[in-house]
Every structure is written in C-alpha cells, then in structure tokens.
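What follows is chain A paired twice: with chain B in the first complex and chain C in the second.
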Partner chain A sequence: MPEPYYPWGGEFITGPPSGCVAVVLLNIDYVPPPGVAIYGKLKTENIGIEKIVANVISNPHIRYVMVCGEEIRGHRSGSSLLSLHRHGIDTQHRIIEAPGAIPYIENLSEDAIARFREQIETIDFIGVTDTTRISTEITALDARAPPPFGEPYIAIRLKPEATVTIADARALHARITIDYLGRVKRRGE
Partner chain B sequence: MYSFTKTQQVFELGSIAFGGQPGEHPTVLFGGMFFKGAPDFTAASHQLASMLRIGDETGMPTIPDVFIRKEEYIEPIIAFLEQHLPKTHPFSVDFIESSLKIKTLEALHDHKLLARTIYNSVHIGMTAPEREALKQHTPAMALIVAFNPKDSSPDGKIEVLENGAHLLDSGLLAVASSVGIQRILVDTAALAPGENSGAALAALPVIKEEYGLPAGCAIHNVVEKSKWLTRYESAKTTVDAASNAGIALFGGDFAIFGPVELAPVVVPLMAWFDIVVSEYTEAYFGVCPSQQHPRRVFSP
Partner chain C sequence: MVDKEVPLYAARKTAEKNVVLDPAGFFVIELYAKGIRVEYYSNVYRRKRIVSGRLEAVFTGVRADALCDTIAAHVPALLPTHYLYLGRELLRAQEAFAGKRAYVQGGC
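So, the complex of A and B:
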C-alpha cells in the first residue's frame, strides 16, 4: 500500500523523509547511501515517470533527483524524465523533446508537472555506473541541505470521464451483456 | 466461457489460425526469445525446438517472438529463424526503437520473409518514418497494442483503437489499415499491478464483441511485476504459467506467455484449458473444434 509521503506507490525503497535526494535507477543495481529519501528503478517513459513526479512532489524535502545507470533501450525513460523537467509537456501531453517510444503524461495535472519542475533540480548521471562516483555526488548533494519547497503537493490521479454509467453488477463491462449461458451481446442489441 | 454474437474473423498465417469463437481454434502461444547480450543461438535453438515439438504433440500453435535489441543482431536473428523454423512457419518480431523497426522491415523484405512476419507492434508511439516503412514493407500480420496512457480500462483501449485517444490523428485500427496491414491481432495491453492489470483480461470479450478481431495479451507481464511473489519462489513459475489461462477463459485468442523456456509448462497447460473451453462451447453453442485442436488430439 502507498506510504503517506509517497501516495502513488511503485517499486521503491524509502529512507528518511527529510532527505533531500531522490535517486532514479535505470539499468544499474545499486543501493545509495542511507540519507537518500527515496530510490527505485524507472522502466517506462510514461506511467513510471508519472509515479516519480507524483511521489517526489508529495515530499517537499526532496530537492534533487539524480538519474543514474545505463539508459533503458527504446524506452529512454531516464532521458524522457530529464526532458520533462527541462521542457514540460505539449498540448497533447507528450513530453517535449523526449526520446522515448511513448512519452505521454496523462494522469497528472499541468500544475503538478509545474510544481515538479520548480521543486527539484535534476542531476544527469545517465550512463554512469561507477557506484563510488554516484555515492560521492549524492553525499555532496545531501550536504547542501536546502530548505523544503513549501507544503507537500498531493497530486490527484486524473480519472477518465465515464461515458456510460449503467448500474448492472452482472455485467463485465457496460458495452456488453453476458447471458446465463455465457453468450456475449452488445448492450442494447 | 463465452460465445460471441458478433461474427468473429479468423486470420491464417502458415498453418496457424488466429481468432474465431472460443473453442474453435486453439490459443496461439507466443514464446519470447529475448537474447540478452549477444544472442546464444545454441541454447535458443534447443528451446525453440522444444516449444515446437510440444506444440505439435498437443495441437497447440506456437510462435517464436524474437526481441531485437540492436541493429547488429538483425541479420543473425533472421538467419536463425530461417534455419530453425519450418519453411512457412510464422514468427513475430518485437522491438522498441523505431529505427530498429525500420531496418528490420527492410531486412525481412530482402529475405522475402514478410509473408511470415507478425509485427510486434503498432502502438501510439509510432513515428512517421515507421509508418512509411510499413507501407513499403508490409508484414503479413501485426499486433496492435491498445495501450492508452490515460485510461487503462476497456473503454480507454477502444478509444485508442478508434480515434487515437487524442494522441494520434486517427485510431490505431485506421493506422494499420492505412499502411496496408490486413490481418490484425489486438493486444489488450496488460499493465503492472496497481494499474488496473485486470483490464487486459476484461477487455478481451469487449474487443472481440466490438470488432470481431482476434484478441489476446501478455498477462504474464503482470506476474513478472508482482514483486511480492518473489517471497514464494516455488509458486512463481506456476503463477506465471497459469496466468495465461485467464486469456482462454475470457475468450481470448492468443497469449504472449513470456520466455520460451516456459513452453514445457505453458503449452500443455493451455492445451488443457482449451479442451475444457471447447467441451463447454460445443455443448452449449455448437462450436466445433478445428482439426488441429488439442481436444481432437487428446479427448476420447
């Protein structure tokens, strides 16, 4: 279940919530130093990035997001995350200049994305797999101890508007009906 | 177990039939060949032979789904398929990067293999150059992934198929048609646990009744992402294989079941479920199992 500080869930490990560094792991097996607020692997250039954004802005103590390890081929999730921070999204919700295959942010409001871009600084360590170098950088970031960025921002997951509402507990889906034998029909036909 | 009112399309490729009413044709099983690092074709040839053999023994159609990671692997992987598959047997090619897709299509054209190719996949991230490449070198069949990043429900999947969900200027079905792909398999896009993972199964009868097209998914991906299962290591393989049963029970036509190494478990398991489905759908709906159906192989 989601933790209070990180309400969107995901595959991550948490440290002290007052830590100012979050670490995004691409193709790398690495455990960061203990002061890191949160770290975990990023795989997809859409839903994975959304979870990072939502969880990071829920904790205003996080001021640095480091992206490290070899880039995920095809998805280019790390570069797409950096593009989101640099450029935001266009009117079709595509991350501007993202190199990933399907870099769309659909479940976050523009306010949430703006907050992410303002709250944190990114550290581009894509391609870096030297864990000593990564740890040294994290320790240096941690030592800066910047103040928190105001109050937590709890991003509401945008819900699609339901086009059909039919209260029928027997139906698998509003578009179809299934009779007692298992014959499927389009509803209304 | 279901029977659909909408007429179901059946597409044939080689000797394999995709689609139809539940119980009509066996579930087509795609075994993934991922070739991590430099491809190990010795191990792969044994795994492929094993999957094909068990498929033949059980009446289950099996297809290798080769993942192409780098440009330098395109030719060796094509040579491997030419050498180790029966002459007309289909295969699917899976990749993420658009540039690799284009180069692979060119290579498949040069090798005269497009008539056996299942393109994995058409999705909302398709680029204009990829679209052009598909027009020039059109594969016999394509998987269309109904992934909608905003709406993972069956409605969202239909939206992306019909109108592109505002991410494309047209729906994915129209995109496939515009490049000349005639035979379409709809992949209902299984997402991670916590992301409405069950919608991929629930969408199967919805898509089939809506379009009459063959539908399936890679539900095993959900198992792979269920990290809590690592606590129950001995159960994980069973859950992985058994997850595919949901596809047969929800009326689906194909399963992208994960690594080909799982074939010795998945293929008999799916044959068993196909037999169970066929017995019911013949009894209630009069659906006759095809000549290749596992029920004809094993049932009295």
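So, the complex of A and C:
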C-alpha cells in the first residue's frame, strides 16, 4: 500500500518521483502540471502538516514546496506550514509563530523537522487562485532542476501485519469525559 | 396479564455539541487508490485540550465489516458510541470507494 517514496501514505496524487516540486493545495481546485512530484490538499494545522513534512523528506528530489489557494479559515494551515519551515517548533511541540488554533507537531522528530527546513524552499502563494500564474511558477521551479538532497528520510514507516495489540494503557481516561471543546471533566460531574 | 415489560426507545440523534470525545483517541478515515485507509491516533493534550494525536496504528481494507473487526481486535478500549460511529462511517467509506465517489469523513 505505501508508495516507496511516501511511506506514511495519505490522500495525495503523485507524479514523477524525480520531480522537484510539491504543491500544497488549500481552498482551491487545481491540477498542477504533470512534472510535479506530489500534490494534495492540506486541511489541518497539526496532522495535515506532519504528513506533508514526512512525505516531502522521504523524497529527496523534492526541493520546492508551493502553498497555494485561499487560506483555510480557522486552521490557517497554509500559514502554519510556512511558519514551521521558517521557525520550527518550541519545547511544547507548537509551531513557532503559527497562526492556527492547534499547530502541534507530535509525530515527527526534531531531526525530521530540521531536515524539512533544510531540504526545501517554500513558495508562498497563499491567497493566489489564478491557476495560470500558479502553473507558470511551478514550471519555472521545475526548470531549475536542483540536485536531490541526499538520501530519503523516513519519518514514519508502516510495518505490515503488525501483531501488537494496543492495550488500554489509559485506564484513567475511563473516569473522565471530554466535551466538544476538549475540556476534561470527571465522569458524573 | 403481562409477564414482562421491556423499554421501547424512539431513536434520537445526539447533537454534535453533546458528543463526548473518546479519551482513547480518534480515527482519520480516507480513501486511497486501493481501498479505505484508517489511521488511529491517541489523544495529545495541552492545557486539558486535545490538540493533536499520536499515530498508533493504520488499518487498510475495502470492506467495512473487515475493518470494523480488525479495529475492534487491535483497539479494544473505545467508547461504545465510538465503535458505532466507526461502523456507520466505514460503511459510508465502503460505498464511496465501491461507487468511485469522493469520501469526506463525517462528524459524530
């Protein structure tokens, strides 16, 4: 199931793995030119961003990440991704200066984030919905044809036929409830 | 004469604002080229709020029943309402995949 270059998987479309451009789509319906290595929608400012990072650093040919389309309201996922690239995360795993509501990175190591920040250059096309302009920029980036960034970095690999049973190690949680706002209360209160 | 009385309940949907999030975690359901993909995350809290999840397991398949059985076998401590939610949501995903339609995971 996982593609060799993108082992975490997810909802994305792949092109030639030697392509140097990845395209992150916010609120926009757009199919990039065929030379793009990978493209897909970004929804959330936590797990969504983590998947992009993992899938980008697993393909060292990707050297440019373009973020285009109207920003996701509330989540501000596109801006949060750019903040991760510019500033990294703090000790609480929060993306520094990210405008999203819950921009926490929990599934990637600091090394993986550092690799992302070094491997790629971001192209901020947030708010741009002119597909001709976007395609022109992508074609120009593709023509630069930079060398690959070393070996693939595999942040998360899925191990087929895992036999580990996830035990309930959170028995405490049987005594609490969490409401729709994420507030924790004791059961019965 | 009545030997036994049993309750009869009219079904009523719980409002989304009243849904209790599962302390055991949450699931992300997506379609991919070969079927349905389900990611299970344990909750990550900051200041008593769920802000993200840690990926614990990934399940793939094309049938809702097989996915339900496999998830129940490997993630045994969910709230009953969460299992029921997964059942109906995975059936929606199965129907979308079989019909080659887009699928967007629904709320509770």
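Operating definition for what follows: the second predicted complex is superposed on the first by the 155 of 189 C-alpha atoms of A that agree within 3 Å, B and C clash if a C-alpha of one lies under 4 Å from a C-alpha of the other, contacts with A are read in each partner's own complex, and residues count from 1 in each chain.
Everything below uses one rule, namely that contacts are C-beta pairs under 8 Å (C-beta built on N, C-alpha and C of every residue); 3 or more make two chains touch, one makes a residue touch a chain.
The model shown is predicted, which means the values in this text are computed figures rather than measured ones.
Contacts of A:Asn107 after superposition: both chain B and chain C are touched. Once the two complexes are laid over each other on the shared chain, residue contacts for A:Ala143 go to neither chain B nor chain C.
By the touch criterion defined above, A:Ile156 reaches chain C but does not reach chain B. Of the two partner chains placed around the shared chain by superposition, chain B is the only one that A:His75 touches, whereas chain C remains out of contact.
Once the two complexes are laid over each other on the shared chain, residue contacts for A:Arg186 go to chain B alone; chain C is not touched.
Overlap of the chain B and chain C interfaces on chain A comprises residues 9, 11, 46-47, 92, 94, 102, 104-107, 158, 162, 164, 173-174, 176, 178, 181-184. Residue ranges on chain C touching chain A, taken from their complex, read 16-24, 28, 30-32, 34, 37, 40-46, 48-58, 60, 73-77.
The touching residues of chain B, when paired with chain A in their complex, are 1-6, 69, 95-98, 100, 123-125, 147-151, 153-156, 158, 166-167, 191-192, 194-195, 202-203, 205-206, 208-210, 227, 251, 280, 284-285. Per the touch definition, chain A reaches chain C in the complex via residues 1, 9-11, 46-47, 92, 94, 102, 104-107, 156, 158, 162, 164-168, 170, 173-174, 176-184.
Touching chain B in their complex are the following residues of chain A: 9, 11, 46-47, 73-75, 92-94, 100-107, 158, 160, 162-164, 172-176, 178, 181-186, 189.
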